[in-house]
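Have a look at these structures, which come just after this line.
Both complexes below contain chain A, partnered by chain B and then by chain C.
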Partner chain A sequence: MDYSAIFSYMYTEIALVGVIVAALVYDLAAGKKGRQAFHGVMCALLLLFIAGTVYPYHKETAEVFGGMYVYNPVYGIVKSILAIGTLIVFLQSDTWIRKEDTEFKRGEFYVLTLSTLLGMDFMISAGHFMMFFIGLELASVPMACLVAFDKYKHNSAEAGAKYILSALFASGLMLYGISFLYGTAGTLYFDDMVAGINGSALQIMALVFFFTGLGFKISLVPFHLWTADTYEGAPTSVTSYLSVVSKAAAAFSLMIILMKVFGPMSEYWQTLLYIVIVLSITIANLFAIRQKNLKRFLAFSSISQAGYIMLAVISGTPYGMTSLIFYVLVYMVANLAAFGVISAVEQNSGGKVGMDDYNGLYRTNPKLTVIMTLALFSLAGIPPFAGFFSKFFIFAAAFEQGFHVLVLIALLNTIISLYYYLLVVKAMFITPNDSPIPAFRSDNSTRLSLLLCLAGIMALGIVSSVFDGINLYAFGM
Partner chain B sequence: MEYTVLILLLPCLSFLLIGLLGTRLRPVAAGVFGTVVTGIVAALSYLTAFLYFGAGRNADGIFPEQIPWNTEWLPFGGNLHIDLGILLDPISVMMLVVISTVSFMVHIYSFGYMKGETGFQRYYSFLSLFTMSMLGLVVATNIFQMYIFWELVGVSSYLLIGFYYTRKEAIAASKKAFIVTRFADLGFLIGILIYGFYTGSFSFTPDASVIGTAKIFLPLALGLMFIGGAGKSAMFPLHIWLPDAMEGPTPVSALIHAATMVVAGVYLVARMFPLFIGYAPEVLHITAYVGAFTALYAAVVACVQSDIKRVLAFSTISQIGFMIVALGVCTSADPHEGGLGYMASMFHLFTHAMFKALLFLGAGCIIHAVHSNEMSAMGGLRKYMPVTHVTFLVACLAIAGIWPLSGFFSKDEILAACFNFSPVMGWVMTFIAGLTAFYMFRLYYNIFWGNENKELHAEHRPHEAPLTMTIPLIFLAAVTLVAGWIPFGEFVSSNGQAYHIHIDWGVAATSLCVAAVGIALATWMYMREDRKVADSLATRFSGLHKAAYHRFYIDEIYQFVTHKIIFACISTPVAWFDRHVVDGFMNMLAWISNKLSWAIRGMQSGYVQKYGIWFLGGALGLTVVLLLI
Partner chain C sequence: MNILSLFPAIPVLMMLGLWISRNTRQIHAVMVTGASLLLGLAIALVFVYLGMRADGHTSEMLLTDSFVWYKPLNIEYAVGVDGISVAMILLSAIIVFTGTFASWKMETDVKEFFLWFCLLSVGVFGFFISVDLFTMFMFYEVALIPMYLLIGVWGTGRKEYSAMKLTLMLMGGSALILIGILGIYFGAGATTMDITEIAALHNIPVEMQKIWFPIIFIGFGVLGALFPFHTWSPDGHASAPTAVSMLHAGVLMKLGGYGCFRIAMYLLPEAAQELSWIFIILTTISVVYGAFSACVQTDLKYINAYSSVSHCGLVLFAILMLNQTAATGAVLQMLSHGLMTALFFALIGMIYGRTHTRDIRQLSGLMKIMPFLSVCYVIAGLANLGLPGLSGFVAEMTIFNGAFSVNDTFHRVVTVIACTSIVITAVYILRLIGKILYGTCTNPEHLKLTDATWDERLAVIVLIVAIAGLGLAPLWMSNMINDSVLPIISHIWN
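Let's turn to the complex of A and B:
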């Protein structure tokens, strides 16, 4: 076997394993002083990893391990985006992780998070359902540990339990679906399987069951019910990771598998997505209106955003793939900015995350308030922020393929979403409060992460080369 | 000539720097920085002009168009794309020189004029913004880029008119200027869109093959574009904002509302000239009539105004009318004779920018000295302000068209072009030229001679302005003295080939005579301390005088149309519809959303086993749906 091909094409995963091993060794070997610098070391390592893997070294598709692992430049782009998201989450987690009850196990936080990232990378690059499933599980199981990271807190433990139970349920159903596929098509390789896809009743069932597994990860209605409880209970840094990175990876691999494997059944999965999109966007919006806890609020907002992401998937075109990746990138910076602010406020005010707590925040913490506002504007899709352009592209992608009514429904829902995003803005700027959260200074790495996000919110939409750059490599059905 | 990018980038940088640092910067530092930057820009512009014209002509005798820098900014489908770039051709290079010169002079002048004002830094940052936008407008490579900078110019004009934002009049004036020009720009935008849609290009000079199908829409598109130009250039009836815009600081009036921005409309027509002359000569002639009427109207109004800045404002409107007329009387008959007006218009734009800026800056010195805009506070100022007096006189002679000052040469060419077009047009414009001489000397005598307001002057003795203010005056006066001898036709002409200016002595003699009569009349009426003739004329034709003083009630008509007709008959019912029907529908949607979200709250129960049921139920339900279709 030619090992050089493995190193040549799997460089992302191999480098990531290296980072994980380095983190493990550092965790064990570093002294007291070394642990103080742990955060900086991890961020630097991750940055190094991103710098080393961001450039697509090959322009062509390649297979390793007999087709189990597939290399494609566009996969590389998505993996880099996920890694950047992880880096931002790391930057925001410092204050939280330094607290007394988590300090001693901070190494585990880094290792677990990076393990899920590794799982997602495998999931994206899989060329075989088993590989895909292993990647999915590698992304799920450590995630449950992360959700329950503050295990002595009731909420966190409950959230962890709910997450792992739902995840098991989803995995079981998905595996069941995959077994149907194996039964009807006789293979688990993506490329070979297409020939055996004919749209029989069993395969429709397989499609739906398979879809539930990823629908759970992306938290689409009706597979979303764990989301609010888990987001609320999990440590905020984990929530932000869950809401962005995990979701993005699942959405992208869903698109790839739907196009590659279920291509002949596109009519069926487009209907499926149609229903799920309408349900996700609408129901999540209706729930979001009523939320009083910002983390829960953003949970529902992220469900509705997931519905929008599916608008890019439904088209199945190269343009759709580009707009999916672009949407995910833009969503990532905006959502991480919002969670970064929430995390900073939570850590510096003794755990306040209620919407009422934010009343009058502008007077005490104007900079954080402005960042939060811009992030929410971007999420709502107000020009000239990046969110407007990303929404525009996904709408265009779906519209092009004739989903006119669907786009109209999505558009109407953006109005509702605008309402609840502005509720937060109103609380921060307008609602008077005698004792707002006092002014504080967040740590430097959080500030850096917020600046990064802010730059993304402002610039991604206007710098057209980002979209064009992704578009170079995107492919469709 | 890639360095020409700096001509735009430097003022932009200066705007951002001064604007962002704000009051953290010391006023002097802000002023010096802005002035130095503009000075560099002026130097670069001169260098550009020198290199461009120095490089010589092509084989076919025209100066080659150069695009030293260009980027495709926004591609649409097909060939349609919006570029941002820098275009150098004779008129854009000429405009670079004009704008940077006047801007530089105004920057220096403002040191003295704005000394001690609050918001000094803000003032300089806005000036930089304006300079950048105006320069970007003239070097635009395509009509859309021009539009972008066009709007930027409008914004900076708005900001500067409203500079004294604590004064109610200033706010009203800035809003009026913005709304009126913006309204006109709507026409411009629609024109651009029609143009882009039918020709598939935003270029100034599209291929003839592209135009073939779009031919019938070109007159419409160009006409709409001219509406935008008419708004910016204060053509009747869109002129109403310019007199009010005099609420801004006087140097701003000199820069924006006399020399540069208000000629943007003229520049626009000149820019689109090949299309006008080729495909829409009728529209071009309509612009001539609009221009002529505006020139006449504004000249008459200028004869009776008592606020010196208003007189100058109406004089500006009238002179821009001359430029538009000159463009409008061009014909395609003979490239040289028919295109004379084009050259004359650009020439007049150039000379007018200099002497009108000089007039405004001089007026600024006077206002600075007596703290009033009204003629009644002046009179006899020649004793106190010798430099201002002499330079002002030079400018008055120039605008009146007296040989050998610059105004004579450019105005003579315009009149010659008008006589070529039709004798009636020629005589009307000659009459207006005489009127110009009259009202300018009425202004001059009322300020520097005539009945001195001794009471006021005793209380507060007028004094000559500081050196920072007089140096620009002297410089501009010097330019006014010699600019007429520039062989302008060698550089700018309608078809690009050299045009040897020859003075049509018949026309020149007529216009000189008319100007002399105007000046003599003004001298007779206003030079002495008692002004029996003027007063008795005013009482005898009191109706006409009053109407002219109130600018023929155009503002009142606007007021009536907007308030009584548009607001009352259209806006109010629409507002009612919006309040009750549209909002009601939206409220209903909100109510439904609210109820629904209350109804489905049971789904999110918190029991993970129920979540499992939903999950499985959802999966099975979706399967059933898919099986059924």
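Let's turn to the complex of A and C:
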């Protein structure tokens, strides 16, 4: 076996395993003083990891382990984006994790989060359904632990149980679908399987089952029913991780597999996606209007955003892939900024997450309010913030392939989404409140994370080089 | 850097200046410097532009500049102006300048107010200088969203409702514009987003044009107060603070007319010919219905808002006539209406700031109490009803002249119907002036009120000078516009 190839192409995963092991060892070995610095050490390690892996060292596609693992520069870009998201989540988690009932298990938090990240990396790079499934499970099971991390809180435990049950059910369905594929095509390698894909009834069933499994991870309607409860119950840092990193990885690998494996059946999955997109965007938007809890509110907003992400998947073009990755990146910074503010407010006000609690926030915490506002504007797609550009690009991607009516429906839905995003803005700026949340100073790492997100929201759209860089490596059907 | 890029750049710098300024004095200093700079630059631009035309530059867009922004979609940051956009930039600069002075006495959250105000002007200027579909649309949306907070936070009355209604309706319009832009871009072969290049290609199939033309026209028409999509306008204007009403009615509503002309009609010419009759009917309704509605309102701002619906309807009405005279009249009307409606809203704001009511049933005899404001109000009213010597006359005369010259019964009938709006305008303006300015003052509280202060006088005088200037010497402006309208009109007919 050629070990040098493994090291030269799997560098991301190997380095990540290194970080995980380092976290485990540090957790065991560090003394009292060392534990105080745990947060800084982990962020520094992760930063080092990102700096080392962000550059695509090879420009060509390569296979390792006989095709089980595939290297591609685009995959590298996506993995880096996921790692940056994780870093921001880590930065935001400090105040929460330092609390008494979670302090003693902060090592677990880092290890579990990084394990899910590792799982997602394998999921993206998989060239074989077994590899893909292992990656998916590695991303799901530790996630359930994370969701239930505040296990003394009733909500968190319930959310964890809900998550793991739905995840297992979805995984089961997906495995069933994969077994159909194996039965009809005779192989589980992506590259070989294409030859055996002919759109037979069994394969359509396989497609639907497979799609259900990933639709659960991305939380598309009608597989979204776990989302609101889990998002509400989970610790806010975990919710933000769940809503961006996990979702982004699943959406990207869905696009890869639909293009690579189900390429010959594109008309079937395009129809499927068409319906799912319309449902996701519309239903999630309508539900979001009624939410009074900001975490639930952002849960529904993230479902509708997932629908928008699927607009890029449905196109199946290189340009579509570029706009998907760009959308995910922009969505990530905006959503993490919003969750960062929510988390900061929650930690410093004794757990307030209701929309009414935010009334008059501008009077006491103007900076946080402005960041939240810009994040929501970016999510709603208002220029000159990055969200406008990413939305425009996915619309263009779907439009190019002739999905005119779909784009129109999605566009009209942006108005509904603007309405509910503005409701939060209205609460913070306009609605008067006699006793708003008092002014507070959030911790330095949260401030740093918000600054990073803010820079992303402001600059990602105006500076076109990020988009061009992704476009260089993207590929289509 | 191109001189045109300075127009959006200066408000951005003003925002930075506002951000670091610490008290009202510094804020005012930043705003006055920036706004004067913009006004000076806009006047200089007019002379530069006319000079270049006199030197024999015949290309459609002058002062052009572009650099590639997003290569995969052929998006460029491309700027350039013709006579229409020069006129609009001048208008915007005047309104921004006077709007600054009209909000001199703003007390709550001054800094934030001017920050959003500057963002609004970034969008407005950016829109008028762009010749790239994407950048144009981007600036269009930049101009819309600050309205929500400007009305919601600093407005009066049912401000939250009005702000939300206005934002959602205008954003709905912009959603239609976005899909229309994609339709144009991919319909023209997905090679360029540059407006002049797409027009030169002239390769969008007529069936596709017939889909995208109504969509884009309605999209921009929402902002241009096209019936039945005008309902945001009265509520929005009535609730907005003075400077925002001025900028919104004065400039922002012109974005609608400009967009309809520059994008919908210029890029989709065949559809414009075939489908214009539908929109002619709608705009005729706008014109007459707006005027009638103004007659029965009792709130000063509502009266002016409905009057705006009527006058902006006339802008769209004129460009749909598809001839040079009417289109020149449309641009003149945009200018004239922008100036006089800004003057109206400024005066209403000043009166409201003193009397704390805008209900005309509670106002009377103001002429004795505040003669300066009242005389200016009369001038604004006379400009509105088209008195010769003021700008309204020039614009409406040109429009109806052009409209009537279209040689068929349908166009002539709608022109006659639209003409009645002049009479109705006279009814509500004269009734209003008689009611609130003359007669005896019944409210003893009002007798203690004072006349305009220096900042208010400055704002008002600048606007009146512009209105009278346009009315007394319209030719230089109308020639500049006329030359630039010609390529668009001839493109539609070829």
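Heads up, the rule we're going with is that the second predicted complex is superposed on the first by the 477 of 477 C-alpha atoms of A that agree within 3 Å, B and C clash if a C-alpha of one lies under 4 Å from a C-alpha of the other, contacts with A are read in each partner's own complex, and residues count from 1 in each chain.
Just so it is clear, a contact is a pair of C-beta atoms (placed from the backbone, for glycine too) under 8 Å apart; a residue touches a chain by one contact, two chains touch by 3 or more.
Treat the numbers as computed from the prediction; the structure is a model and nothing was measured.
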| item | value |
| --- | --- |
| Touching partner for A:L24 - first (chain B), second (chain C), both, neither | neither |
| Chain B versus chain C as contact partner of A:M477, first or second or both or neither | neither |
| First (chain B), second (chain C), both or neither touched by A:K162 | first |
| Partner chain(s) touched by A:Y319 [first = chain B, second = chain C, both, neither] | second |
| Touched partner set for A:Y268, first chain B, second chain C, both or neither | first |
| Which superposed partner A:I409 touches (first chain B, second chain C, both, neither) | neither |
| Which of chain B and chain C A:E400 touches, first, second, both or neither | second |
| Shared chain A surface residues [contacts with chain B and with chain C] | 419, 464 |
| Chain A-touching residues of chain C, taken from the complex the two chains share | 69-73, 134, 138-139, 141-142, 145, 148-149, 152-153, 159-160, 164, 167-168, 171-172, 175-176, 178-179, 182-183, 185-186, 190 |
| Residue ranges of chain B touching chain A (in the complex, touch as defined) | 74, 590, 593-594, 596-598, 600-601, 603-604, 606, 608, 610-612, 614-619, 622-623, 625-627, 629 |
| For the chain A and chain B complex, residues of the former touching the latter | 161-162, 165-166, 169-170, 173, 201, 204-205, 207-209, 211-212, 216, 221-223, 225-226, 228-229, 268, 271-272, 275-276, 283, 285-287, 289-290, 416, 419, 464 |
| Residue ranges of chain A touching chain C (in the complex, touch as defined) | 319, 322, 377, 382-384, 388-389, 392-393, 395-396, 399-400, 404, 407-408, 411-412, 414-415, 418-419, 422, 425-426, 429-430, 464, 467-468, 471 |
